[in-house]
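In what follows, chain A forms one complex with chain B and a second complex with chain C.
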Partner chain A sequence: MKRVYVNEEYCIGCRLCEIHCLVQHSQSKKIIKAYKEEAPQLMPRLVFEEEGPLSFAMPCRHCADAPCLDACITGAMHRDEETEAVLCDEDKCVGCWMCVMACPFGAIQRNLKGTKAASKCDLCYGEEMPACVAHCPNEALTFEER
Partner chain B sequence: MRYVIIGNSAAAVGAIEAIRQHDTENPITVISDEPHHAYSRPLVCHLLGELVDEERMHYRPPDFYEQLQVEPMLGVRATAIDTQAKTVSLAGGGTVAYDRLLLAVGGKPVVPPVAGVDLDGVFTFTKWEDAQNIDRYIRDKDAQSALIVGGGLIGMKAVKALMARGLRLTVVELADRILSTSFDHTASKLAESILRRASAEVITGTTVKEIVDKDGHVDHAILQDGQVVDCDLVIFGIGVRPNLDLILPEPEKNTGIEVNRGIVVDERMQTSVEDVYAAGDCVETYDIILEVERPIAIWPHATRQGHVAGCNMAGVEKTYEGGFPMNSEDIAGVATIAVGLTAPEGQVPVEHLEEYEIIKRYDRAAQTYKRLVLHRGRLVGAICVGDIDRAGIYTGLIRDRVDVTPFKEHLLSGSFGLISLPKEYRKHMVVGEGIIV
Partner chain C sequence: MSLSLLPPEFKIIRDDARCIACQVCVRQCANDVHIYDPEDDWIYSDYSRCVGCHRCVTLCPTRAITCVRNPLDFRANANWTHAMITGLHKQAETGGILLSGMGCDQPQRIYFDHLLLNASQVTNPSIDPLREPMELRTHIGRKPDRVQVRCEDGKVKLDTQLAPQLALETPIMFSAMSYGSISYNACLSLARAAKQAGIVYNTGEGGLHPTLYEYGPWTVAQVASGRFGVHPKYLDVAAALEVKIGQGAKPGIGGHLPGEKVSADVSRTRMIPEGTDALSPAPHHDIYSIEDLRQLIYALKEATDYKKPVGVKVAAVHNIAPIASGIARAGADYIAIDGLRGGTGAAPTVIRNNVGIPIELAISAVDQRLRQEGIRNQVSLIAAGSIRNSGDVVKIIALGADAVYIGTGALVALGCHLCQKCYTGKCNWGIATQDPYLTKRLNPNIGSRRLVNLVRAWSLEIKEMLGGMGVNAIESLRGNRDHLRGVGLNEVELKALGIKAAGIG
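And now, the complex of A and B:
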């Protein structure tokens, strides 16, 4: 399957990935509206890490053998049959955080201000290219089949 | 060829899905004494607490059995296994023949022999039926208060449910602190103070001696230290042990299936009898930290073991490498996670204690606590109370037995993340195509 790959050497720490991830998952899909009216219930679905000159974005790896799928007690976490992406059905999620405990990438976050559910990358479901990759100015994120 | 699965929870569902990945032809029969379509046992507390409705108890779609061509025999109890004739006997007569059998029979709640346990208003708390019975009792008797016996994970689930229902709660725990198997002393005491702040009473160092009735139902309980606890109902949440009813007592049952504390299985999840597999809370498997075989009754392991069993039953070689305890538990609204060997001071022989190093951080103002346990430089356990974000990275470091010495000082820093890990390990994780467990 196509995955988002991270190349930390190319990351310049602009955090556009975070911004466009949030906008893509907003109601309005408009940057100003998303930030002024919809945040803070919204959060970026990837984790951005930065320390000194080093930085990178960490979206879900959509593991072939995903520990979060084993850990989920509600069936919210599931593999999409079509795209093979690991998706979280936020209506089913009860916020037990077993997935947060299980994910070795720390790629699943708690959305405590909005859905109260697990928040993770859905590869911008339905889009040809995830927003984080599309807006990365330096190809630190790529979307490809390896 | 016929697959028969006794049990219908995480291990059974894991096995069904694995079998169907490799074999879409041969029939699968699921036998369960519960009448329900596969449902989530961990959600039983959410159901009783009215935090989810009945529909959400089902963690697989309503057409799960049809889609995967499973013949469900629900509400039917398996009473015996004949491993020679390869049949399962059913309550009320009849047998089902199998070629490959999976025992996914789960655990049984522990109820100590206390006077009054048979009274109306005394419950265990692991199944859907338990939640229904407790719910009905609360409504019928207008129950206002409850005594929860056991301050472990099941006890905490009972607290969550009944707190949501507005009952006045008392938790009694025989050990000197609650959550004594998954937490260290500090985390336990913090959890106790969280419960007390949420108006639950916590009594440690004693347990219930007698439950006393008024007109046939629970009125109060007398503890071993003489204290009297007024309560309209009692829930035993001491723990579960592997359900060995189909195998013990030997030699009467004569299955030939080896049991120790749980059903003994090999790496392929096969029991000592060929073509009989077992998975989930009924088995004992390898604890990769303590390096012993023991039952670890948790959901993710049951799913994984069921998956491994299902693959092997379908003729595809797969091994289960073992695991370690891990739990994520909400305590009166405070998120907690405990993974691995969290308190060596109670779990390993004294002469080995010097091999362990503890690093911890307690933020009194924020009421958060983290404790990490290192064994000869490798992370083997983690406790997080209040702040659980990215705790899974610890789980991964424990599983991969990574030497954390070079970045030890970053483990508890506020900015801890994959960025704190050695470049090689991080790149292997970040660049790779996801892990293969």
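And now, the complex of A and C:
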């Protein structure tokens, strides 16, 4: 399947991936409106790691053998049949955070502000290319099949 | 510490209605102009440090930032200009030489803008380069006085032994920019682009990083006065060698790479201790005459079995014609001439702005002189010093150059915004810096793609212009001043350029 790959050598630490991830998952999908009106309820669905000059975005790896799927007690975490992406059905999520514990990459976060559900990358479901990849100014993120 | 009298050069205007306080500008500015205040959840800009590089403007996701020249100005004075006054203030505060990056930014006459090209109408047909072959391939190196051939078994054989040549798919080369003055990623972008475009790049005086050896066939290795990074392998892998005598931005003076830019990798490549200043002496300490230059040229030829062209790069200065004649007679295979507006990573501003002559006049003078002496075929001429577009390429070739070196143009393609602060090592575009936070901003995959696009675009335009003139090979344009006319030039200038005024014939 097509995944988001990180080339940390060229990650410039601008965090535009985070910003556009948040906008993509807002109601309006308009950057100024999303930040000025909706932001308190929103959070980016990828984790950004930074230490010294090294930085990279860490969206969900959509593992073939995803531990979060086994850990989920409600079946909220599921694999999409069509795209093979690991998705979280926020209506089913009860916020037990077992997926957060199980994820070996730390790519799942708790959304305590808005949905109170597990927040994770959905590869911008329905879009041709995830927003983080489309807006990475230095091509440090790529969306490809490897 | 007393109050600085220097006014900010630029002003940052932040559109509060658009700013989302995402802090991209804060993270991207190496000059610490933008500061986030978590208490107010707001960003303030101390624009006294702004250099006008546009990094924040370009990356701001909401286009909330505008950078303008600071409208605060001194009382209008044609003599004591803004630049003069701030220069004096700076020197009064520091007691040092004023430094600049990039080429001369003063309004010296740009002769390219006073030259116009010809095109075919009725009496001779123009050529459509999309339908007919158009040759841009250029060979740099010594050409024989005459060619002897013989026929054997119905086949033509060449008896004359040809001198080594540097083959270029198009008459454009990337000029000397050293690893140290520019980042590894910038060097890699240039090397990869040169390979893809079938041209060459130049190592400058920075040696060659071992991982770039694979680009050797597209590399010109420079031997300059500091001899940094020169060793047998360096000479062996390159396609051509170049003795650097001078540089257009700073003729007559050496180079100075500050110790801060001499990282572990740069120190290994240059073969100097880490963190020490890399000082290139003003002259080569073994060259005090044309005869000495000949010794070095032949030492390099000897070291490489006479298999590579060896060129000499000089700055365009007074008497450039006899200097070039001497270099040709010293055995150089090509002469690269860098004009007044040639770029640099760092030069004293007063030298950058006042020393040298424009490349248009220099190339014309050298080409005419070498033709008069009957030795034009012995060397190729490479023009450097602010070749800004394909029109400049065509014009300088018509004035006698074989090919051009582009440095600033290539850097602009890589993202350079000509803020002229290369010497600070804080290049926000990841080009003129060794700071690991900044160098990764230049992705060589993107950089090489942009450079290849630039060379391709210029080549297409050159073909169109040649076609319009009714010429189907760049060879036919070289020194063909009939294709040029001058506008707004006086008789002395027209004579120096060897061209007619527009409207005269």
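Note that the second predicted complex is superposed on the first by the 146 of 146 C-alpha atoms of A that agree within 3 Å, B and C clash if a C-alpha of one lies under 4 Å from a C-alpha of the other, contacts with A are read in each partner's own complex, and residues count from 1 in each chain.
The rule is simple: a residue touches a chain if its C-beta (ideal position, glycine included) is under 8 Å from a C-beta of that chain, and two chains touch if they have at least 3 such contacts.
Note that the structure is a prediction, hence the values are computed from the model and not measured.
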So, after the overlay on chain A, do chain B and chain C clash or fit? They fit
Could you tell me if A:Lys92 is touching chain B, chain C, both of them or neither one (first, second, both, neither)? first
When the two structures are overlaid on chain A, which partner does A:Glu51 contact: first (chain B), second (chain C), both, or neither? first
Touching A:Tyr5, do we find chain B (first), chain C (second), both, or neither? first
Just checking: does A:Asp70 make contact with chain B only, chain C only, both, or neither of them? Give me first, second, both or neither. first
Taking the superposition as given, does A:Gln109 touch the first partner, chain B, the second, chain C, both, or neither? first
Is A:His135 touching the first partner chain B, the second partner chain C, both, or neither of them? second
In the overlaid three-chain picture, which partner chain does A:Cys14 touch, first (chain B) or second (chain C), both, or neither? second
Taking every C-alpha pair between chain B and chain C in the superposed model, the minimum, in Å, is 15
Common interface residues of chain A with chain B and chain C? none
Which residues of chain B touch chain A in the complex? 14, 40, 42-43, 46, 51-52, 56, 58-60, 299-300, 303-304, 307, 326-328, 330, 335, 337, 339, 388-393, 395-397, 399-400, 415, 417-420, 426-427, 429-437
Which residues of chain C touch chain A in their complex? 17-18, 20-24, 27-28, 59, 61-62, 430, 436-437, 440-441, 443, 445-446
Residue positions on chain A within touch of chain C in the complex are 9-16, 19-20, 31-32, 35-36, 39, 52-53, 135, 137-140
Note: in the complex, chain A contacts chain B through residues 3, 5-8, 47, 49-51, 54-56, 58, 61-67, 69-75, 92, 94-106, 108-110, 146
